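Just so it is clear, A, B, C, D, E, F, G and H label the chains in written order, and each chain counts residues from 1 on its own.
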Amino acid sequence: MDKESLEEILKNVSAGSTSVEDAVKTLMHIHIEDIDYAHIDHHRSLRKGFPEVIFGEGKTAGQIAGIMEKMAAQEEIILVTRADKEKAESVLSRFSGAVYYEEARMIVLKKKDISVQGRGKILVLSAGTSDIPVAREAYITAQAMGNDVDSVFDVGVAGIHRLFNHKKMIDDASVLIVVAGMEGALPSVVAGMVSRPVIAVPTSVGYGVSLGGLTALFAMLNSCSSNVAVVNIDNGFGAGYMAAMINRV
Amino acid sequence: MDKESLEEILKNVSAGSTSVEDAVKTLMHIHIEDIDYAHIDHHRSLRKGFPEVIFGEGKTAGQIAGIMEKMAAQEEIILVTRADKEKAESVLSRFSGAVYYEEARMIVLKKKDISVQGRGKILVLSAGTSDIPVAREAYITAQAMGNDVDSVFDVGVAGIHRLFNHKKMIDDASVLIVVAGMEGALPSVVAGMVSRPVIAVPTSVGYGVSLGGLTALFAMLNSCSSNVAVVNIDNGFGAGYMAAMINRV
Amino acid sequence: MDKESLEEILKNVSAGSTSVEDAVKTLMHIHIEDIDYAHIDHHRSLRKGFPEVIFGEGKTAGQIAGIMEKMAAQEEIILVTRADKEKAESVLSRFSGAVYYEEARMIVLKKKDISVQGRGKILVLSAGTSDIPVAREAYITAQAMGNDVDSVFDVGVAGIHRLFNHKKMIDDASVLIVVAGMEGALPSVVAGMVSRPVIAVPTSVGYGVSLGGLTALFAMLNSCSSNVAVVNIDNGFGAGYMAAMINRV
Amino acid sequence: MDKESLEEILKNVSAGSTSVEDAVKTLMHIHIEDIDYAHIDHHRSLRKGFPEVIFGEGKTAGQIAGIMEKMAAQEEIILVTRADKEKAESVLSRFSGAVYYEEARMIVLKKKDISVQGRGKILVLSAGTSDIPVAREAYITAQAMGNDVDSVFDVGVAGIHRLFNHKKMIDDASVLIVVAGMEGALPSVVAGMVSRPVIAVPTSVGYGVSLGGLTALFAMLNSCSSNVAVVNIDNGFGAGYMAAMINRV
Amino acid sequence: MDKESLEEILKNVSAGSTSVEDAVKTLMHIHIEDIDYAHIDHHRSLRKGFPEVIFGEGKTAGQIAGIMEKMAAQEEIILVTRADKEKAESVLSRFSGAVYYEEARMIVLKKKDISVQGRGKILVLSAGTSDIPVAREAYITAQAMGNDVDSVFDVGVAGIHRLFNHKKMIDDASVLIVVAGMEGALPSVVAGMVSRPVIAVPTSVGYGVSLGGLTALFAMLNSCSSNVAVVNIDNGFGAGYMAAMINRV
Amino acid sequence: MDKESLEEILKNVSAGSTSVEDAVKTLMHIHIEDIDYAHIDHHRSLRKGFPEVIFGEGKTAGQIAGIMEKMAAQEEIILVTRADKEKAESVLSRFSGAVYYEEARMIVLKKKDISVQGRGKILVLSAGTSDIPVAREAYITAQAMGNDVDSVFDVGVAGIHRLFNHKKMIDDASVLIVVAGMEGALPSVVAGMVSRPVIAVPTSVGYGVSLGGLTALFAMLNSCSSNVAVVNIDNGFGAGYMAAMINRV
Amino acid sequence: MDKESLEEILKNVSAGSTSVEDAVKTLMHIHIEDIDYAHIDHHRSLRKGFPEVIFGEGKTAGQIAGIMEKMAAQEEIILVTRADKEKAESVLSRFSGAVYYEEARMIVLKKKDISVQGRGKILVLSAGTSDIPVAREAYITAQAMGNDVDSVFDVGVAGIHRLFNHKKMIDDASVLIVVAGMEGALPSVVAGMVSRPVIAVPTSVGYGVSLGGLTALFAMLNSCSSNVAVVNIDNGFGAGYMAAMINRV
Amino acid sequence: MDKESLEEILKNVSAGSTSVEDAVKTLMHIHIEDIDYAHIDHHRSLRKGFPEVIFGEGKTAGQIAGIMEKMAAQEEIILVTRADKEKAESVLSRFSGAVYYEEARMIVLKKKDISVQGRGKILVLSAGTSDIPVAREAYITAQAMGNDVDSVFDVGVAGIHRLFNHKKMIDDASVLIVVAGMEGALPSVVAGMVSRPVIAVPTSVGYGVSLGGLTALFAMLNSCSSNVAVVNIDNGFGAGYMAAMINRV
């Protein structure tokens, strides 16, 4: 029920053309629609400046483009995740302004520049070379959601001194995203160095008992540092999104 | 918001003492309460003749009795599951009409007899002697919810002919609950004999690779019979509840 | 042993051409055949108006068509599940009346219309876009088995208000099938809204710790709503079949 | 090496009493101590107004009290987690100002009141009655770290309307902690209602395939809402700590 | 239906007091009982000289004794497995002829001596000291079922030469039972030395990644020797029973 | 060291041309070779009439043929398992007498007919159509090792009466191999019908929580029938080999 | 067969009192004994200066003392692992020279001082306070086997600077044992700092997804440092033993 | 900061052109760089004669060659692991001196011969034919790192006598690498024969419950021999590297 309908009923009650009894009955059945109405408003404000996201895996280029077309009318920015190169090229041929980030496997379509809305800097760190695609997905997502983002890649714990070379950048971040596969130790070490929230992202990088990322995931959940929370394996997008939420608190 | 408040507002609109504009504002904010109101009604009808259930595990006899007292004013029947003998005796000393089913570890408090509401008979079958407590929990639950219930215990697949001895009873049931631990094969065999819905209940009975009931659970979910759906390990109550729901469709 | 043979023996006994002793010997050895005979009868009635089902995965188009040919003589309706498009086209070229439901990956061959036999409506709900194929399989199966079926797709718990938009349809269903992957939360929420049996279907949709659908499966088995029973991962057919069984109780 | 020692060396170089060569040798060996020096400073500021935390499980009352005594000289506030009642009473008898929160199993010793430092309100929601101890641990931790904290307990997804009754409180929170066992569905539903960071805490509440909390954990990591990050099973303290970090970003 | 009833019917048919038609009807309904009848015979022969077995775990001494009393009338030998000392003493006080094997945790009650029925010798080997109880259970079971049984305990693969000291005994066995925990390697080594069937029994002996015997179980199932089949973890009884079956082929 | 060499040394000692001291030294170092010598003898006798087996998976047709050529000189029969059709055709083009069993994926090359050496009949039963390849592998293996083998395929527990149709064949077998995927219930049912050893073979047939055969495997290990031992998933060859061993006890 | 028996035979051959033929027969059957003979020698030398170890868990004080008494005659040193305090006190009352290390739960009985045999120093590092017992077990074992051992406890990765405070000690070690529970990250970090072999010991310290030490174990096996090998969960003894072996290479 | 910069600062202090105060400030910020500097030195010496290793899996031939080019200037030897034949040929066409070991899937590029630096011999043993590639990877790695390496392949425990044929080689090794899949029993047997450190390498060879190598891994970690430590599944390179470290202790 929209506002107009409600006014209509109340006007009728006021005018005496609808009895109080009948109006009670009618209004006893407005429930979800009203909430829904509020929800839509709320959702609209919620999404302002935030990317709508299309999960590209398992969708054809045509399906992706179709969804993008519907969204393009209303949205300032559209993100597509997990889009391989071939799909991306097909999509880009239909949206002149769209940009493809190959390493991150993301397509970004912006109608205008995204203004920075986050309080501080988000820093994305990653452990091994193979973790970079997931780290890049986090990076692009956080940036697209209106944040200053920095990154330091390839600072695994087996050469811990490399991490210290970037201590200033680490100290200056307001939110940190730490991406690691294999033994997943990096988030613990980084979180021990700062008093900022750290979003840990396990990756499926590794073999044998890396168990497709479960080992890194479990290691991160067992972190002996308390300022760590974890997202799903390879979920760079989720980490970027969560960091953006935190950076606006 | 309750019905009275709503009538009050509408009467005021009708009488002109509240403007339409103000009433719109007020009513735009009634959402959940209204739904909740409806929900309460709905819930009340939902629960008619159906037991409220107290999960006894991890609660003291005092806590159980306390909850029962609050409920006793409104409810026709109260069920307590997973109550050991000691707790039960303490509870029963405070509720003269309550009955304790030791094997099923359940306490039942009825204010009046439960009339039969189910369409047909519910039959509870179980495989091994150790599965009987779970089977009894299902039995008592289904019965307390207003169903005719029969049972055949100790008809494991290692002596398949024992099952056939009860073929008539199996054929006559409208819903079947089949309880088994270890290899969990009984539901498949039973379901292959009937064209009725079978609720399979894995139990934690077994050792070694029974894995606390996971093996029986997975076996039941893999049943080569299609008229089988499964509840959690040792969840006799859930099976009885679900069977009662089905028997009223 | 069929009825004729039995009559033959008894007639001979009656006529004195077979001694009681010899007849006892003979009849002591009729066991399975007799039962089998009964079973066949029973099975025939069981299957009336119900689909025979061919699991298409791992079978060639030729094998599928071969089985269909054998069945076509006796059966009113033939269902094939998990048939990809290529196989389906090959099969359809040989059975003029067969229909292929691409999303559900099912082939349906009906000799005549299926009359509605279920008591009420079966409602199929699904959470995400990727869950739709499994939901469609449940839908087609339940429908082919003689039920009125409705569906609401894409009502995941992350936008819970969308669910409430369909509250009337949910309230009116006699049996509900709820399909969800990832965290598998939808069946709990839906089952909390109704006092009807809910068949929960976990799907393999997700990545990382979705563990190929195990997480959704376990979540559903742990539902805090009691009117939920669960089938195997991606088993839309089983859910439709079970719902049809329930709807005829 | 502290600053004074460094100045000493450089003064000697400046004064000519130490050769450049010798100073190079000496300074080539200051490495970690220097960092450590910096770290200590950093740590001190880091810990300002933040609780030191003693994990009480597996420690005797005597050991807990011993550590508290050492800390009491320097710290404004001391937290002990996972302390059962017996231990707590023994500890409290030695620290007159200490308070024991039985449900949360925490001991808090404050020298002075903690000023509120967080930006907004932290809201702790929990699903079932058995989840409350973990939720209380999160609550006490976040509060002790200088935050306004609210809580709504017992709002499981099986009665989703109860959640909506608290919609305003949910909308007003800047950070949300959502605690749930069994199927772990509550964080997804709550996160879908807000554009704020949600810390999900799985609990070990449940039986059968709750797998000691693994099911809830995996469900939360698979959340179809993106503003969710997860901590270890039953880790209420970690959730409270992480929320406090986020609320100060 | 027993033979007498069948004769009765046929006599009536023969005498003309029952029509063929009525007899057909009646006999169409004898199914399982007939089979059951056969089964009973079959079972009786099956059990000849073989122990009935009572699983003692989870039963009280009273329950065990009760079952034994019922069985004692008909059976030559009664076995009770997994009976701890206290229960056993209570049971033995009621059955003068019963013997308790403490290490094997078994009670054996024989009415007369069991004659040897197996073709050759059964040899029970075990790896570590802690595996002996399971090995003893296999030993007592096989012996009680009428077999010559030998045993060599404590011949783990870490001192492989100890195994060779018993090579003659190994070569002379007709069936071998090999019991091992931890890495479960012994069955592979032993099976490589003989061309006889080897029953492998994993035990729950070990810690850490022994995973309660799963590691030994999986290792045995992966044996690079082909003459190995495996029973459940700690299932000494099953191994003894299976070996007895094999030794009578 | 072969017998001749040993005789040589002893003759030299006897003749005085080798001192006792030197002979002691020499013989102290014959260990493994001597054993090996015995082993070779033993192995030769062991292998008499038994197939050498080549695991074809992961080997090229060329490699398989190469090994076959080396073996062909000495062996009466050669078995190749897990050989796909393409490889088999290539191999068969080089060995005129070799036969390819496509369903079993085995190549058999016999120099002469294998005489029957087993005591009784081996019966291979299998549950579903998809289990047949594994069942055929067991069949061919047992037959090639000199046994009479029978088979009954497609007797799953969902239509238990089909099993009883073959009761005589089941009763007459001396060893039974029972092959099943999905819930793996068939071995329990069959073993309950006989007093013969049953080798259970789980297959990887199924989907969802069949877990690649783990569910069937665990179900079989948990069999409530005691005359069951189990081999690895899909290990038809091992079951056939073990059954052959048993049939010669 | 011992050397004397062999000489006896050969002397008889030499003397002509035993024919070559008979000697061949006899010697064809000495195989294992000869090897065993060698093994015994080898084992004696192997064990020189090395502790025999009694696994105390699951043994009574009486059993432990009994084994110690048998060993005391021959051995220079006796180690007992996993002995709780009560058992230890009982054992110590019977062996005046024995020492109990409570934290390590070990009893050590030395007849004389153990001389240092290792090449360099073994360093034991551990992460959390709760890991110390396992670390102490490694320490005592390595020391008892004749090594200089140092230790640094409580240097978890959440405060990585604490580790660097001990850099010299780390650099100087020839073999390192690194003990850690929870996320198990310490071995990776330490191994990245040295070019020495690191033995990683996962502990069962942690809760939730520490999975009883599996997470730490898997993390260590996935170490991005290559100079790491791993022992079983909580296996401090094994790590100390392995380090001692390495230190003597 | 390199040594020259440090000298520069100190010279300026010495010369009075930089004040002590300014120098303190500057040097307070050299921390990591200094450590890094040290680390680089340390690393350089560490790497002397040791291979830098490129993990070839997931890299293109171009990427591999690119990294090799950068390294070639500084390094004496370059190792590439997990390079398939096609990639290797492409790489070799650009580096004339490079050698490809096909079985080990490794490329080795040496500028000059590697001098032997290890103390004793490293022996690589492997169980089955399919384990050879992993064993070869260990062999090539250890050899490239300056060790004498021997190997014995195909000595599985099912024919334990084959192992004894190589007893001398086993006794003479200073470090042993034992590679096995399936039940992973070989390391236990070998370690029981020697008093030397054994590095166990599980492989993913096997099917069914080999669980991709987890079973072999767990078996090895449960070894009843104490001189065993384990690396990740299929990690031949890590085993070779660790053995080289040990051989230089």
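Throughout what follows, a residue touches a chain if its C-beta (ideal position, glycine included) is under 8 Å from a C-beta of that chain, and two chains touch if they have at least 3 such contacts.
Treat the numbers as computed from the prediction; the structure is a model and nothing was measured.
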Go through the assembly and pull out the chains touching chain D as well as chain E.
B, C, G, H
Return the chains common to the contact lists of chain C and chain F.
B, E
Please tell me whether C-D or G-H has the greater number of C-beta pairs in contact.
C-D
Farthest chain from chain B by C-alpha centroid distance is chain H
What is the distance in Å between the mean C-alpha positions of chain D and chain H?
40
Length of the line joining the C-alpha centres of chain E and chain F, rounded to whole Å:
25
Once you find the CA centre of chain A and the CA centre of chain G, what distance in Å lies between them?
50
Which residues does chain A have that touch at least 2 chains other than itself?
31-32, 35, 159, 164, 208-209, 214, 217, 221-222, 232-233
Which of the chains are touching one another, listed as pairs?
A-B, A-C, A-D, A-G, A-H, B-C, B-D, B-E, B-F, C-D, C-E, C-F, D-G, D-H, E-F, E-G, E-H, F-G, F-H, G-H
Residues of chain G defined as touching chain A within the complex:
127-128, 156-160, 182-185, 188-189, 191-193, 206, 208-211, 214-225
Where on chain D does chain G make contact in their complex?
31-33, 35-36, 39, 57-58, 202, 204, 212-214, 217, 232-235
In the complex, chain H residues that touch chain F:
130, 159, 161-162, 164-165, 167, 207-209
Which residues of chain A touch chain B once you look at their complex with the stated criterion?
3, 6-7, 10-11, 13-14, 16, 20, 23-24, 27-28, 30-32, 34-35, 38
Per the touch rule above, chain H residues touching chain G in the complex are 35, 46, 50, 53, 119-120, 164, 171, 174-175, 194-197, 199, 217, 221-222, 226-233, 237-239, 241-242, 245-247, 249
